[in-house]
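Notes to accompany the following structure.
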Amino acid sequence: MDAKEIIARRVAQEVQPGMLVNLGIGLPSMVANFVPDDLHVFFQAENGVIGLGSRPPEGMEDRDLTDAGGGFVTAVPGAASIDSAMSFGLIRGGHLDMTVLGGLQVDEKGHLANWMVPGKMVPGMGGAMDLVAGAKRVVVAMVHTAKGNSKIVPECTLPLTAARRVSLIVTEMAVIEPTQAGLVLRERGPGVSVEDVQAATAARLIVQGDVPEMTLPA
Amino acid sequence: MKRAIRPEEAAEMIPEGAFLLIGGFMGVGTPHRLIDAIVARGVGGLTLVNNDTCRPGQGVGKLIDAGLVDKAIVSHIGLNPVTQKKMIAGEMQVELVPQGTLVERIRAGGVGLGGVLTPTGVGTLVEEGKQVLDIDGRKFLLEKPIRGDFALLDARQADYVGNLEYSLTAHNFNPIMALAADTVIAEPHHIMPVGVISPDAVKTPGVLVDYLLERAH
Amino acid sequence: MDAKEIIARRVAQEVQPGMLVNLGIGLPSMVANFVPDDLHVFFQAENGVIGLGSRPPEGMEDRDLTDAGGGFVTAVPGAASIDSAMSFGLIRGGHLDMTVLGGLQVDEKGHLANWMVPGKMVPGMGGAMDLVAGAKRVVVAMVHTAKGNSKIVPECTLPLTAARRVSLIVTEMAVIEPTQAGLVLRERGPGVSVEDVQAATAARLIVQGDVPEMTLPA
Amino acid sequence: MKRAIRPEEAAEMIPEGAFLLIGGFMGVGTPHRLIDAIVARGVGGLTLVNNDTCRPGQGVGKLIDAGLVDKAIVSHIGLNPVTQKKMIAGEMQVELVPQGTLVERIRAGGVGLGGVLTPTGVGTLVEEGKQVLDIDGRKFLLEKPIRGDFALLDARQADYVGNLEYSLTAHNFNPIMALAADTVIAEPHHIMPVGVISPDAVKTPGVLVDYLLERAH
């Protein structure tokens, strides 16, 4: 199993029945593949649909039905079209149960940075600032390191996405919960030791008792 | 009754330096024929408000390619390297606005509110230069309303009163932008006779729309 | 012709082709009867319809289609249903070309009072404050006096509806335009002299040259 | 999927002193069976948010008649002499709010904004006790958000996901109130199987709705 699939499978376990969930583009969008249908979860695409479905069969794409990354999608039975004011009204108003976002850095305070690298890359925040400020639960899904450097750092050096503490960080090496006291290591990745995780992490991790390995049912 | 005009007629109304609100999200729900007509006319100095700047050669990205946009007020430019290059070269100004704040600022401009009080952006770079209000112990940024000279909209269907319906993820900013410009031009895929659209299906009342683009041939 | 019909007919002349117009309940609602169909005017009822039509035939009433006074109405071809946020968004946002409202008092500054009489009657402002603050043009349609007392006064003694100066006052005796300088008498009612109007008016009226009599085509 | 419940079950969820947002404008677009069930149960001390207090014996007026409402936050009480009498006798508090301000305050509560900046009410009694902001030379009142414990809605049609459609002038406050309460109960005239309502026809996404009232027999 590659790193991204480990992450997507583990994040999928955070999804509870009946939730409204927003998945960011890229890695977070893979989470949908591992959420069982019988949970009756609704996925929101912030560009305007609640009840996002999978990719349509070849030739049945509709130019007016895409996800936030511009990819063609379908709508599930019971879907609703919404405009951007309603879409972000749901997000900012606390109606979104969970958002899963990628990250460039997360720090010991649980702050996320994911929208720009000054002088290098300025994609813009898109909906990320509203999502992190407004969703009930914010899960950061990202690979543990970038070019060998830890993405989990003592303090973000990149501009923050929000002043709010995120709820959970899921990488292929660890599940980490930011708390008032700091970053608590909750789970280890498959075949990874606590020492391995700390060695790959620039931030200080709090280890309480035995740290179980992720369970990733097929 | 609204006259249905040709794309070139619409483009000719738009003067140099105009402030344009254009519907769309990565080109979905964008009035493509209007954009082509503006590019063909080539009058620039424009300010563009859109969710993003799309991709080079697509949607509002064509306006960027043609060098017609002096300033873009958008939430995302990550998929348009031309915008990034022009921004870094100082050929174009880019104001990045959180997406939910952007749509509420346009709504505030359209419905006569003095601004938006949002928690989004508090404690980030977005806060810089803005008034922060403490309301009952929580912090909110005061974000200013946005209004345009023109709103250019994509719609699924219209009638000749100007009532508009939108489709699926092609709604996005269109219904809100319809409220917030001096002149509103809609590019519907279909135009129906008056009276056949149910009042309950109308998302933008025709009183907000000034011109309809004639149907594509 | 009774006083109310004079007022309604005269106010109807203020309506221009293609306007969006909101008529208050009571006397103002009578204005619709005198606006020619070929002006293609849309009437807004702030409770939720643009394109208000006349009363339905007996037995064809719909409980979900009423005007702001709760009376059964119809919808014209091209009508649109709107919720209260859109309805007042149109009003506050300057999209409403004209509103016609009743009044308890209007004063020399052009201020309107029409929502309460302290200690006596507190109907509430309903949509009136938004309408007076937001409509492009505010026309007050009211009988000239109440129980022998002038309703056009030097200064309102009743609580104001808005700090904004109204655009025009139409009574059965006069058409009066509030200006920076004061209340300018523009027209006299049928068979009424300038002296009659001033005698029935507590506020000072500005008379400039010859004041024509209202013309009220049948 | 949302369970369709009986009016009595819905009424039993509402405790003494609850803060209720109830849709409707002079009884149009009001959930009448829910109101009857609340009156039958007789639990009071309620705060009521509605456009008005309807008329005695009608719509939310029944809650006033039954003495269940301690406080009403409304824009108009002119057609309900019972409300006026109780207010003057000090048996009931009435907060009068301009209609457009009322709906925006509820919207702000529902979409997570810190308040509403409106020109409505500036220079009137409505201004009293409120912060006035000068924004670019114009004055605006800062009006606080409203949220309820329950929103009780009337809808034309629902599906079992909870998606709602509204009809003509029965929209009024319903779509906005759906955003602004901890528990949302809708009373639809019809309930359809999931999948038969077009996504474009949905005005309140089902994710906002907690319970549907079963259809009248």
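A, B, C and D are the chain letters, set down in written order, and residue numbers restart from 1 in every chain.
Methods note: a contact is a pair of C-beta atoms (placed from the backbone, for glycine too) under 8 Å apart; a residue touches a chain by one contact, two chains touch by 3 or more.
According to UniProt, the chain labels map to these proteins: A, C = Acetate CoA/acetoacetate CoA-transferase beta subunit; B, D = Acetate CoA/acetoacetate CoA-transferase alpha subunit.
All values derive from a computational prediction rather than experimental measurement.
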Pair joined by more contacting C-beta pairs (B-C or A-B): A-B
Where chain B and chain C are represented by their mean Cα positions, the distance between them in whole Å: 35
Geometric centre distance via CA averages, chain D-chain C, whole Å: 29
Between chain C and chain A, distance of the C-alpha-averaged centres to the nearest whole Å: 55
Junction residues of chain A - those touching two or more other chains: 49, 75, 81-82, 85, 88-89, 91-92, 134
Where chain B touches two or more other chains at once, by residue number: 104, 107, 111-113, 118-119, 156, 166-168, 199-200
Chains touching one another, given as label pairs in label order: A-B, A-D, B-C, B-D, C-D
Residue numbers on chain D that touch chain C, as the complex places them: 25-29, 51-52, 74-79, 84, 87, 94, 96, 98-101, 103-104, 107, 118-126, 156, 166-176, 203
Residues of chain B touching chain C in the complex: 1, 107, 110-113, 159-161, 163, 179-180, 194-195, 199-200, 202, 205-208
Chain B-touching residues of chain A, taken from the complex the two chains share: 45-49, 62-66, 68-70, 75, 81-85, 87-89, 91-92, 121-130, 133-134, 159-163
Chain D partner contacts - residues on chain B that touch it in the complex: 104, 108, 111-119, 133, 135-136, 138, 140, 142, 144, 156, 165-168, 199-201
Chain C residues within the chain B interface of the complex: 20, 40, 42, 49-51, 75, 77-82, 85-86, 88-95, 134
